[in-house]
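Chain nomenclature is as follows: A, B, C and D, assigned in order of appearance, with residue numbering initiated at 1 for each chain independently.
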Amino acid sequence: MEKLSFRHTTSRALPGAKAQAITGVVASGNLEVLLERTLPPTECTVEIETPIRGYGEVWEAVVADFVARAEPGGLRITINDGGARPDTVSLRLLQGARLMEV
Amino acid sequence: MNERIIDLAARGEGRGWATSWYEASARARIDGLLDAGSFREVIGPEQRRMSPHLPLFDLPRAFDDGMIVGSGRLDGSAVLVAAQEGRFMGGAFGEIHGAKLVGLLRAALKLKPAAVLILFDTGGVRLQEANAGETAIAEVMRAIMRVRAAGVPVIGLIGGRAGAYGGGGLIAGTCSRLVVSEGGRISVSGPEVIETNKGAEEFDSRDRALVWRTMGGKHRRLTGGADAYADDTIEAFRQAALDQIGRAPAFDLATLEAEQRRLEERLVRFGDCRDATEIWGQLGVNDPESVPALTTADFETLLVSLGETTHDAR
Amino acid sequence: MSGWRREREARDARIEAGRSHAEGKVVAADKVVDLLEAILRPGDRVCLEGDNQKQADCLARGLSQCDPSRVHDLHMVQSGIVLPEHLDIFEQGIAKRLDYSYSGPQGGRIARMLYGGQIELGAVHTYLELFARYFVDLTPNVALIAGVSADRDGNLYTGPNTEDTPTVVEATAFKNGVVVAQVNEIVDRVPRVDIPGDRVDFVVEADKPFYVEPLFTRDPAAMTETQILMAMMAIKGIYAEYGIRRLNHGIGFGTAAIELLLPTYAERLGLKGEIATHWALNPHPTLIPAIESGWVKQVHCFGSEVGMDRYIRERSDIFFTGADGSLRSNRAFCQTAGLYACDLFIGSTLQIDLTGHSSTVTQNRVAGFGGAPNMGSDPHGRRHPSDTWMKAGREAQVTGDPALMRGRKLVVQIVETFGDGLVPTFVERLDALELAKKIGLELAPVMVYADDVTHIVTEEGIANLLLCRTADEREQAIRGVAGYTEIGRGRDRAMVERLRQRGIVRRPEDLGIEPLDADRSLLAAKSIKDLVHWSGGLYEPPAKFRNW
Amino acid sequence: MMLAEILASLFPEGHTVTIADGLISGEGPFRGGRLAVIGIDGDTALGVDGACRLAGDVLDVVRRGGGTPILVAIDSDSQRMSRRDELLGLNEYLAHLAKTLLLADAHGHPTVGLIYGHSAAGAFIATALATRVLVGLPGANPSVMDLPSVARVTKLPLDRLEAMAKDTPVFAPGLDNMVRTGAVQAVLDPDLPLADQIAAVIDAMPEDDHRDRLGRERGGRPVAEEVAAQVVRDAALG
């Protein structure tokens, strides 16, 4: 398993009050994303465990785009990856952020 | 131009389409099954209680180890509920996965809920944790017996992709009542396992019509292996679960003696049948070949006409 | 003896030799090898019928069992290299030279054999191109074809899978060739005459029904949110914008998702009757909901599809059917229809390069072309206008007098940026070039050439290549939808943003599509069982697609 | 130990235990009363017919009452893998057999499993693992799946699995590993009279299912007990 970790600063906190959400499933080509509102309002961390090695740069790009788009300030995001494609990762992250905005 | 358009509208554009049980995740099943917002998870994903063993195999873990347990309300009644996520490791029993269900059943002894609901979706034992999984299955079966003996019904709901195979099939057999949908399968040995061990002549696992005819929801319901047949929607499972709670048989000598007679009789009547269609024919189904294609409504009508498929001997 | 009838005399001699193994025209299954050894001559051009759907498999087995000392050095001219026997005969020396079109499941083995020099390759064709050559320089001496039934006079009923048969027979029977048909049964009277008996010389009653691959069945249960998102973009960003009524779809999941979104998503957009009404298409099970919802006016088919026969029979307003009620398909005509009478082709591919060339070849597989390049090309022989065609023509760069502008066919590639196993779809250089070098092909096997492609749809957006004015713009437009592949990450972000402002690159949000709305609940059918319900029980899917 | 030796050691005064089609059934004198014996011998696979017969035997013991203990002696294959067994609902038959054993135990018939040979998967769960206490004899070889099959399913090389099996009791076949996960409470001494040893097991029957505690103590199931306990602790009806 490869472990990756990214830390970002955002210009705002993610709206909404939901403390926690989970989306997706650990299965082939899929992943689960756990989001917890536990960080200071303009911080966001993304930790990943993936069985597919050597895609650090892709993860970095996917996470950076997601952070730029969703501004998920305050979230600790943890991912269990089952070998998902980057587009699936993006989709799950956005789904997760939407769940937290309720 | 055709009626199916109306069908679709009737399925409720307003509240979104009816959610397929087969397709839904374990969490979505629980959410839809229980009264809205009533589910309280125990050992939630934030606790990160993940398998200590899968990393040895370089396999990804899930926050909930594929088993979600907790409490909630079903039409107002307090229930305990456990759901397997069939897409994670095939819903198989590992150490934590199994222990969560064991714990839930032990909690039921203390809490005396109106029922324990088990949402099966499993291929059986997780090979990477085989001894722990197998032992957990034995513990679950013993715990179910105690819960039932204490008067709490244990209702199994089976309609996921992975079905209820291996030890999952055995646990299902210890429940008070079972609800199954067409897509739900209940068996011990899987089609591929039989084919690998005994050859394609014994069982052609690629013949999916054969798989479902032999192990699928309709066959199990027709032969008494399940007590209720539900459409493949979360709403239908909810309704069926509610209906079954009040009909749970006691766990006592009389019940098991009745089950013994029921199972002995099945061997006598159908022991020489090669195919499910022969069994259905002997049960009095006029056109056995048509059974797989029957709609839920037509299948229910058939069940009523046969009369003998419902029993308390479980 | 006249010098102008030698072919005819040779043909008569072959038939005479074959007659000793037949009763009239009828040959028993166990006499196939004797028959073939009697009528074949070394070096013959032979068409063994088979494509991506039906197979003359009994005759293929027979041919592979012929004695190579009697039957050898054949030149196979056939649509498909699909069955193991199709390649066995090259290993055995029965066949030597090959001109073909499609090799799907045998793609790996054929690549190895080409590399090993066991096959002398003429060319890999498109279907229509190979059919054309049957009438010019690849006319078969012997055709081995397949049908459902025949009478003792050789009148042949092909069943719904007529496919290549009329074309093959036309080229063979009318140019002094011998036609042998395998049929599932000999009957007193065929349901309809697809091939008149005077074009069929021998009829073999096969040991089992000919094989048909259910190649066009896509299980909705396997459709992903990403494919649904791409389908939404294609519908809103291309079908609606260009008002596409006449079209052809490939066999991928992306296009199957489009079919399943017509009665739901497209219906909500108010597009019914405005798009997707007339099709050159196999009877895709995933088109059933659209047909049942009244979206589809007419469908002409290359072949049939396993399990669709009863449904088609009951929907003769939509499909082309014979007097007997069953489907009449015809690959050559349908390919022609797809080429000339459709305004859009949309299909998937495995690799796309920075100019837009695409290929389904990987380093170790030669999958062949089939019909996609016919559909996926802009026919320069087209002379009839349509709004779609003219709009595309106006978008393309016009050189010379605008009054002499012609339209453009829309050729759309719909791909996910990564394929199975995280293999990127977008590449600097197609594997096809490597393969061509390795096995000595003069022409690299490109599926759709860059100058034919008008749009690329990925989960990231749509690139409209018609609107690009420079090679650099084109490259950045492609990079701009290439997602997180190396190609995508290598984009010039500022330039892609400028292309976006010009509508050359369009994101879901530019189209008013929320990616999170791309949900499986949008599918008109979520399973094969749903398709059966939509069909009113008329669709009878093969066992391997069932879960009931 | 072979079954005959086991029976001789259990019942020095003789017994009525018979074996037919690999199924063991009968009883013998035990501590002034009787000890009923059921089981599977000769690496026999357990199918619908066998499970049904054994369940009937257990119900007979319960019906007769008197607190007769039941010994479940096992040297079996896995469940019988066949189309017929699954068609007839093998899961119900195996579950029923397990339930009869659980019922017997709840009705005051102490149930003791004795694994003396092989057993696997559904056959193991339905029989020996459905008793209150399971003990083993040296040489017994319970498994869920043999390592070559595990290698095939997990797509891991066999030699790596074999190496992992040495210090990972949670997945590897074998009696020791089932002892360490807590499924097998103890291994008996074949050189001492089994009657006394079984009597001692019955006298020390745990009230509750404590297999997960044993698993933690022995290191074969490090977290199961704690997880189950936490669920019991945290669960509340809302």
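The rule is simple: a contact is a pair of C-beta atoms (placed from the backbone, for glycine too) under 8 Å apart; a residue touches a chain by one contact, two chains touch by 3 or more.
Treat the numbers as computed from the prediction; the structure is a model and nothing was measured.
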Core chain by centroid distance, with centroids computed from Cα atoms only: B
Chain separated most widely from chain B, comparing mean CA positions: C
Separation of mean Cα positions, chain D and chain C [Å, integer]: 59
Chain centre separation (chain B, chain C; CA means) in Å: 42
Centroid distance [mean C-alpha coordinates] between chain C and chain A, Å: 41
Chain B, residues touching no fewer than two other chains: none
Where chain C touches two or more other chains, by residue: none
For chain A, residues contacting two or more additional chains: 83
Chains grouped in pairs wherever the two touch, ordered by label: A-B, A-C, B-C, B-D
Residues of chain C touching chain A in the complex: 224-226, 229, 416-418, 422, 459-460, 483-484, 489, 515-516, 518
Contact footprint of chain B on chain D as seen in their complex: 48-49, 52, 55-56, 59, 62-63, 79, 81-96, 98-100, 102-103, 106-107, 121-122, 124-126, 129-130, 143-145, 150, 153-154, 156, 164, 168-172, 177-178, 180-183, 209, 211-212, 215, 220-225, 227-232, 234-238
Complex contact set, residues of chain C against chain B: 221, 263, 289, 292-294, 520-521, 524, 526-527, 529, 532-534, 536-537, 543-548
Chain A to chain B touching residues, read off their complex: 1, 20, 22, 25-27, 30, 32, 34, 36, 49-51, 78, 80-83
Chain B - residues contacting chain C, complex: 1-2, 4-5, 8, 16-17, 19-20, 22-23, 182-183, 206-212, 216, 218, 292-293, 295
